[in-house]
Every structure is written in C-alpha cells, then in structure tokens.
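Some structures are shown below for you to check.
You will see chain A twice below: alongside chain B first, and alongside chain C after that.
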Partner chain A sequence: MWRHCLLPGLAVWLAAAAPAHAYIAYVSNEKGNTVSVIDTDSWTVTNTIKVGQRPRGIEFTRDGKFVMVAVGDDDTIQMIDTKTHEIADTLPSGPDPELFTQDTTGKILYVANENDNTVTIIDIAKRARLGDIQVGVEPEGMTMSPDDKILINTSETTNMAHFIDTTKREIVANVLVDSRPRFAQFKPDGSELWVSSEIGGTVSIIDPVKHAVTGKIEFSIPGLRREAIQPVGIGITKDGKTAFIALGPANRIAVVDAATHTVTKYLLVGQRVWHMAFTPDEKYLLTTNGVSNDVSVIDVASQKVIKTIQVGELPWGITITPQ
Partner chain B sequence: MFRWLAAAIGLALISPFALAAEPVEVNIGYLHHAGIKETLSLIAQPADNDGIAGARLAIEDNNTTGKFLNQHFNLDEVRLKSSDDVVKAAQTLAGHDGFIIADLPADELLKVSDALRDNGTLLLNAGAIDDRLREEDCRANVIHVAPTRSMLADALAQYLVWKQWKRWLLVAGSHDNDKLYADALRRAATRFGAKIVQERTFEDKGGARRTDSGVTLIQRQMPVFTQQAPAYDVLVAADESEVFASYLPYRTWDPRPVAGSAGLMPTSWDAAHDQWGAIQLQNRFVKLNSRRMTALDMQAWTAARMIGEAASRTNSGDPKRLADFIKGPDFSVAAFKGQPLTLRDWNLQLRQPILLADGRMVVSVSPQEGFLHQVSELDTLGVDRPETKCKLH
Partner chain C sequence: MTSTTITERPKGFSFSEYMTCLTGIVWREGLRFLHQRERFISALVRPLVWLFIFAAGFRQVLGISIIPPYETYILYEVYIAPGLMAMIQLFNGMQSSLSMVYDREMGNMRTLLVSPLPRGYLLFCKLLAGTAVSLLQVYAFLLIAWFWDIAPPTIGYLTVLPALILSGLMLGALGMLISSGIKQLENFAGVMNFVIFPMFFASSALYPLWRVQEGSPYLYYVCQANPFTHAVELIRFALYGKINWVSLAVVAGCTAVFMIGAILAYDPSRGLARRGPAGGET
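Up next, the complex of A and B:
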C-alpha cells in the first residue's frame, strides 16, 4: 500500500485521489496477447499492456517491482515493470511455460513447461536458469509448501501430483489424482494439499505427509450435466476456513467449507471461469472468465458477486499487488 | 529376462519412491495392413505409419507416467501383406500381448475376435467405423475407439440443422462403404429434422486419380452433374471411396456449400484442433513423427492411452484386470476433447465429441448445444441404448 503511494510514475494514483485499500490487479489475456491492469478502488481497467504471445501464468515478484507473465508461444517469461508498465526483462524458462510458483523469499522461480515434461528452476535476480526436473506428461499446476521444502507440480496426462524436494531438486513422491490435474494449492498451515482435476471433475484433498488422497470434493449443480463442471483455479482464505473453486464451463465458483470439504454455495460468475486472486485484505476475490472476456468481483464476506469488469480477449490468470 | 531386469533397475534409479514396488510390463500388439489408400487430394494421402504413429506416442506418454509407477509399456507391430493370414498373425500377437490395437476392415476384425474369443486378449478397434460391429456383430472382446459412421453423420447433421441448412442434396458413391455412409446420413437427417430433397449416385466408372489435365475436365463435369437440383441449402456427399467428393466444392451448379466426405467433414481428430490442451498433443506428435496427426493416429493414441490409464488406475498390468476396469463404470480417459470419454456399456463403443473440420480449421464440435439427452449428450451421436441390436454375451 505505502509503496504504491510513494511510486512516482503511477498515472492511476496521480489521476485519482487514493482512498485506503486500493490495489492493482493484473490480468493475462490469453488470446489478446495483453495484460489488463485493474484498479480495485474504481474497479476499472486503467491500462492494457501488450505482451508476448499466449500470456497465461501471471504473478507479482515478492518485492512488488515486477509482474512476471508466462508467454507460452514465445517460450519465455516476461517481467513487466510495475512503475512503467514496460516489459523490462525476460526469464529463461523452457519451451511453452504455463504456470509457475516462487519460494517465500522470492528468489527462486519454478516453471512448468508443458511441451517437454520438465519443471525449470530459475534464479529470479540473476535471470539465470539453475536446472530442470523431469516430471510427468504435460506439467501444469505449480505450488510451494508454506515451509518452502516441497514443490508440487501436477501433470495433466500423467494425472499425478509430483512432490519435489526443493533442496535435492528431485521427486520424492507421486500421488495419482483424477483426470487432467490443473491447479494445486496448500492450505495456509500446510496441513492439506488441494488438487483440482479439470476432466475428472473433482478436487482431491491430499495428506502431504502420508502422500495419500484422503478425500475428494465433488460438485453437483442442478440443470448442469456433470461433464460441464471442470474445476481449475483454487483460492483458500488465510485463516484456512473457506475455499473458492473455479468450475470452468459451469460458469460458477464453488464456495467450500475448507474444514469439512463440503460445498456451501455456488456463485454465478462469467463464462469459463479459470483462475482467481484475493485482494491482500481478503475483502474481495477476483476471477477471470475466459469466454465472456471479463473479471468477476466477489465480496468475500457476503459471498456475493458485486461487479463485472470487461478486460481483454480470453482472460486467463490474475495477480494482485502483494501488500 | 536380462533385458527386463536391466529395465527394472533403470526404472528404480529414476524413481526411487515409485508407488508400486513390483515392476509391471504391459505388452500391446498393433495389427494393420501394409499399403496406402489412394485419395483425390495429395495432401490427404495417409503416411506409411498412419495410425501406429499415434500408438507409439501414447506408449511414450504411458512410459513417462509409468516410470513413477514402475510400469513399462511395449508395442509390437504386425504389418500384414496381402497374402498374410490375419487370424494367424493375431494369434501370434496374442501369445505375448494382452491387448491388440486393430486397424482392420470389419470382416477381418470379426474373424480375429472370434478366433481370440477364449484367449483373454482384448481387441481395441482403432480403424473400422462400421456400425454393425457395435450392433448385430458386436463382440465382448472388442472395444471400439473409432467412432461409428452414424456418430459421424449425426455430428454433421446436428451442425447443419443448427445452421438452418436443412435441405440437403445427397450425393452418394457407388461402392458399399459409400452406400453405408449414405444410409447413416439419411438416418441422421430423419433424427435431427433435415430433409433430403433429392439423392444422386456418382457411379465409379474407374479412371486414374492423377492426370495431367484433370482440372479442366472436372471443372466441366461437376457443374453438369449437380445441375437441375431442387432448391437445397447444402450438398452432402457420401464418398468414402475417394472417387468424387473432393471435386465438388466450388464446382456445384448452384453456389452451395459441400459437407460430408468433402468440405465440412466430421472426424475424431484434425491436425488443426488446438482446444482443450490439444496443442500439447499436436506438438508432441509432430516432434516424434515429423508430420501432422490424423484421425487414425488419434484413435490409436487413445486406444493405447486407455490401456495406460487402466494400468495406472488399477496399479496393475494384468490384462484381465485392466480389461474389466476399462469396461467398468469407473473408467474414463482424457483425450483433449473438453470432457472425459467413457464407454457405452451396451456395445463397448467409446463416447466422444466429433470435430467438424474443413481441412484447414476446426469449424465446430458436436454434440451441438440444444441436442439434449437424459444420460450424456454424447449419446445423441450414434446408436443409443434403446435402439441397439447388440447382445454382448
């Protein structure tokens, strides 16, 4: 928050008097080859940045200075300078990077490269490639355990969550889940790993110590056939109590009691809802809706959709200012 | 034995924490004919390794997964010459393979399935689209990965009806397969509310598909052949024999689109399909085979992946256990079609969305929105449970 007030070059902040709790969201538009910049106070798109081809995975660096965006068809990750909105640099990923994750210090980046069954390890500051880890067919979902010790990668055709020891940089366990695992997310206390299976239509709950599936969240929406329910993005609140799961072409977000793993509500959002991000104060959750080319804003406390913001073509990923 | 041991040691080194302790070998046979079908368009000419190239990629994919589970997959190819005995070849394969992916004509597939009836080998039909193999001639030891003619015709009909192109001029070839395709198209028209305003037959009088000044002649023949038709919206051609359909687009007497065996074609796969993660598969295929992926390649890929999927889900390589799992209610396979593919338990046909492609792009994917079904919208394509003539046991 303060950092952004102090940044001199931000037109947004000069144009509008800055009320408390306004953040900046960056949305990757897969087909538009752009990144839309959203001000979470006015809920408007304040800028559209041209990036490389097929932007998907998108995340802030921990220091908030850059937004990293994987541009798969250009085989690289671009770094957008958050002050100037220019592409300042690139990171040497492998071919067709899609999703990535970083450790808590923000030093090391792990990238899933869909085309060659590898996870690439990158030193962010040095912009240098440190190595590769061989994983299953079509690696996609990436997440880090809260203690930085275990990296999770999911592979879409192998249908596994691979547990990778970050010190040894090798696979220590593999857990089979339902078809086409897309996204992985630890509970904030590290007690559970959640993995969404797009084609299987479920979210697997995995015990990260026993490396075993202990439960599955299933979804059922009256009037919708089962095949249309395709879970992808997952968001869990910091207190670990509530989870939100994007259901793709079902055009809904499932609200889940994270303790009992039961669905409590379905929220209708835009079409083909894919990924999501909380504002740092967790007041709002923003979801990307690919087919309707918009972002839905969910009020987390009341669990209601309060706003829809038109963005670029096929919005895919989203990231919001760290603080 | 020694090779097997070496492989097992190698696997153990790659994945010391594999789920399964016991190494598992899964052997899959691939039975098809040598020789290439002649097509009107040079670019439609199948490659020498059409089909098996897809199976090879699936074996690679299965083995990537397999290294985490201590499972290893092998493919044994038998390429029949015209003089070879297909039953003998199948029996030899069945000696060491629990599964045979078959790209054979309907009659040969039936002979093979009857010969292997008590042997425990599961056949996966990757090539034959004949409905009768899933109906009156269905067999309990054959799973059908290839779509049927009726599924293809229904997929096309749904789109044409959605497009409000409901008046069809049906032109069928004079060979048996062309007639079967025309039957499927007639059935589809009735099911989905299209009207065939007239039917014409294009007689195959022989002649070469390659000539030096063919274009000049065809340009005169096709308008004449299609003139004086009643008012119609779309010409639907049934020409599996590759005699005339590809000559029709841009040459009809009335300016009308062409569909069926040319123009807009229903297919299980197209080299231009890139939705639902398909681009990854297309890229892997091109990298391995230095050419684009065809429908037959995809059908063979899916067949081999079904076996791999069953092996990883059951953590087993036992052919009977895998076959039971594939035929059971918990089986599904992901094949880049946006939804899980499952088996129709009444005739062992794989349910699948059908692409509609024009040779350059995927135009649409059926089932179309609004064609409803009480079980699965995929069952609006092809012969449904209440209509089936199949008795599996």
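Up next, the complex of A and C:
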C-alpha cells in the first residue's frame, strides 16, 4: 500500500525538483554591435556574438535554426546559425532595416526600412527580395494579423498605423495615432491592435475591422513627469488577458488588464526599457534595458522582477527559442 | 516521638527554575508592552513615517544600483525597509534601557536582582524579553509594509528571524550597557542625541555605503565601524535568504562584548550600580 503512495509522491517531488526547461534568449546590443546569448536556466550570458553595425530587430526563424538580426548601418539582415553561433547568411533588406515580422508559416519576412520609407518583402528560404511597399516616414513597428492577411506597419514621423493587405501588397487603411508610434501588436485572437506612441505617451487600441481607435491606455507614475513615460515594446500573453508595456525612460513595465485596458501595476526594471519577449511557457518575460545595459527577468505569474542580467552595450531587441 | 528529616537543597538550580525565571521576565515585559498601546503604536508609527513620507519623497532622488543581496533594481522603500526594521530594534533596545532606569528608580530592579539566580542570567532574560517585544514590533511593521508592496520572498520572513534575534540582543545589550551608566530618567534624552541618531544616520539604513563613500570616504569608514550598519546588513541579507558573514561576525561579537559589559556594569560589587543605593540613586 505504501508503495502506491510513495511512487506518485516521489514522481511529484522529482518533477518539482527538476530544473525548468532552459531556453536560449538572444539580445541585440545596438551600440556594442553584438548579440548576447542568455541561458534561461542559469540566467547567465553564455556567449557574445559579433554581428554587423547597429543591430536592432531580432527574431528566430520559425524552424529555430537561425536568428535573424537587422543590422541597420550595414543595410542588411544577418542570419545567425543557432548551433555554431556564426553568421551563416544574409537577407536583402532595404536601407537601415529596423524591425521585421514574418508570416505564421515562416516563409515570408517583412522588413521596415527606416531611412527609405519602405517595407521590403523577402522570401526567407530563397534569401530573395520579392518587392517593396511604400509606407509613411520612418517606418518601424511591424506585426502580422493572426490570419496572415493584414500586415501592420507604424511610421514614426507620419504618426500612422498602415494596414497592408498581404495578398495585394498595398496599403488598405491608415489609422492616425499619437506621436511617434514605435511598436504594434495584435491580441492573440486578432480582435484588437495595440500601437504604442513614444512621444504621445499612450497605447492606442484599434479595431482592426473598422480601422478606428476605440480606446487609449494612459500611464501615470507618482514622481515621474509625463514626458518621461514613453511606451515602446508590448507583450500580450497567449490567453489575451494580460499585457506588459515597456515605458522607456520611466524604467518601468506597466502591467495592463488586457480586457479592461487598465494599468494594474508598474514594475521597476533597468533604465530605458525598450523591447521584451516571453519564454515559450510564458513563465518569464525578459526586457531589454538600453541605458543600464541589462536585461530584466519578470516572473509573469507573480508579476515580480526577479533578476537583472548584465549584457552588451545598449540592448535593444530580444528573441527567445521558439520551442 | 517524631523525627524530622532535613533535606539539603541541591546545589545550583534546575532547568525548570531557570525557565520559570525566564518566563516570568518575558511575560512581565510582554504584558507591560501590550498594556502600553501608545508605545506599540509609536513604535510602528516611527518607521512608517520614514517609509511612507521620507521614502516616497526621496524615491526619485536616490538611485539604487543592483547590490547584494538584491538581484534586480529595487525601489527606495524596499531598500530602507531592513534599516527601518533595525531602527525599530534600536529604539526598542534603548527603550528597554530606559525601562531599566525606571525600574531602578522605582525599586523594581532590586526585586529582580535579589533573585537567587545568577545576575548574568537575570540580565540575559531581561534582554531576551526586550528582543521578543522588538520581534512583535518588527513583524507588525513587515505586515504593514507588505500592503505597501514591500514583499521579500516568503521564506525571507522565516530566515530573517535568527538575524532579528541576534540584532535585537546586540542592540538590547548596548541599551543595557548604556542604562547602567545613566543615573536619572531625564538623562535619556542624551541617549537619543548621542547614541540613537548617530548610530542610525551613520549606517547603511538609509543609503547604500557605496553612495556614502562617494560623498565622504571618512564617513564611509565610520559607517563601516558602526555595529548598527552590520545589524542592518545582517537583517537585509537574511530577509532574502542569504547570510552576510562579516555582519554576522560583527553582530555576534558586539553582542558578546556588550552583554559582558552590561553584566559587569550591573554587578554591585564591581559595577556602576554601586554608586548609589538601588532604587534611590537620584
């Protein structure tokens, strides 16, 4: 009888004692011209990879074999082999690529070229440029609707979110948002599009069907001037219930109830927090803190910052192993 | 004819006799504390004023870098919480010393010191009683601080207990040593000015020592030599499940020195209490 109790008990204990699944995070360091590799089990930097000049946008290919990094001053996208940690190939972007997104199949890459007011379409497998779409001035934020039909690009100076039909490869709608839109993110069910405005200090909630702003999230932190609160990166959990918004020089991540669009908490992280990425199990959220040259780790369930890890100079973007 | 058997009392005291004495002293101190609601409230208000007003005002002025035991950036109120816990114990230690002066003036001290148990043990019991009272105050403070989003790891509430006991004993022993030199209750104001304030401000309670070093290297050495700094750091590390060995050694050493000093000072044959008759040295 005791064996019946002991064995399951032992199994539970072993499961609890076993270390969490380790993922690998890659952080682009804009000024250091490097990519820092972080082990999410030990929370240490295990490697630093030299890349081209001014690395910013960074993302895994869907098969997990490469990490793509936009090296703006080299006018290209470099592909880092995740096994050898060497630059294996490049993709032909336009001038000064900053952020990019890919479709759900991982075949097509869309790149925002900051200096050229265009979005470049690239076939990842063929490493071939398929065409360009003219957008507003200083394009930056890039995201794809869950059904792959609509690509969103935000242009910093035009202050717009451009809705691009991926089949026709043309803009079908423009939505005016607050000053300097930096980043765009769909809710996982595609019901809302969130666009952060750095200078405006807001996140606009957009109805993607009506192409209209239906609400705005505003931020207020005691003791901080409004101008110091500059929303940039956005992360929304898969269940669509909780959102995390990086507030730049406010050194805070705002935790937002994604249903009511109300801020529930502010978490202190490093200086000039910019972008973020969840681990695939959504246990942790990692944020890049540009001025303090580190990455903060947030425990998503308890909504607490548990650790901060020193990385390279001016960390900008971050991506984590897809599986 | 009846015969009377006279049994000789065994030498020394049994464990239960020691425990009776300990319980009696701790119980008296506890009851006295609980009956003085104003004391309990003021013991809490003092650190809370620092936490809610001072820390809120200085939140943006004093930047905090990542220093052990912290593993990420923290708000200023999180930083000063261990310092305020130690402050509670510092005031409590001094208040206990004040009560000893009062006891001496009222004659209660004589009742205590005529007990057949060793004088050192009696004073140690008194010290433990004062520490127990300070623990009540500190945990009440931690409870309120939790609502202010100052929440160390759950295990920290347990791991901080030994550190609090040790620092409570050290500060209590210091208070006891000081009280042996105070002749009148009115002199306690001097303790405030010459002991509590310098100890509190010249420590790592309100600002990290690297920041003090930036401002004044001399003050940095003063802070390093201040036992209160080590009490604060011992508590700070323990609150996050870690041990600061240097602070532990300093606090343990100071506790022993202050305790021995207090026992010697209260020995009527050698100590300062000889200066006047117990209960009437005015």
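Before moving on, here are some points about what is shown:
Assume the second predicted complex is superposed on the first by the 303 of 323 C-alpha atoms of A that agree within 3 Å, B and C clash if a C-alpha of one lies under 4 Å from a C-alpha of the other, contacts with A are read in each partner's own complex, and residues count from 1 in each chain.
The definition used in the following text is that a residue touches a chain if its C-beta (ideal position, glycine included) is under 8 Å from a C-beta of that chain, and two chains touch if they have at least 3 such contacts.
Note that this is a predicted model, so its numbers are computed, not measured.
Superposition note: with chain A as the common reference, chain B and chain C can be accommodated side by side. Looking at the shared chain after the overlay, A:T308 reaches chain C, while chain B stays out of its contact range.
In the superposition on chain A, A:V45 makes contact with neither chain B nor chain C. Look at A:L268: by the touch rule set out above, it reaches chain C but stays clear of chain B. Once the two complexes are laid over each other on the shared chain, residue contacts for A:N174 go to chain B alone; chain C is not touched. By the touch criterion defined above, A:G223 reaches chain C but does not reach chain B.
Applying the stated contact rule after C-alpha superposition, one finds that A:L130 touches neither chain B nor chain C. Shared-chain residue A:N251: touches chain C; no touch with chain B.
For the three-chain overlay built from the shared chain A, the minimum Cα spacing from chain B to chain C equals 9 Å. Shared contact residues on chain A (touching chain B in one structure, chain C in the other): none found. If you check the complex, the residues on chain C that touch chain A are 56, 59-60, 66, 71-75. Chain A contributes residues 96, 114-115, 117, 136-138, 155-160, 162, 171-174, 176, 179-180, 199-201, 225, 227-228, 230, 249 to its touches with chain B in the complex. On the side of chain B, the complex with chain A involves touching residues 15, 17-19, 61, 64-65, 68-69, 277, 280, 283-284, 305, 309, 312-313, 332-334, 338-340, 376-377.
Here chain A touches chain C in the complex through residues 222-224, 251, 268-270, 296-297, 305-308, going by the rule given at the top.
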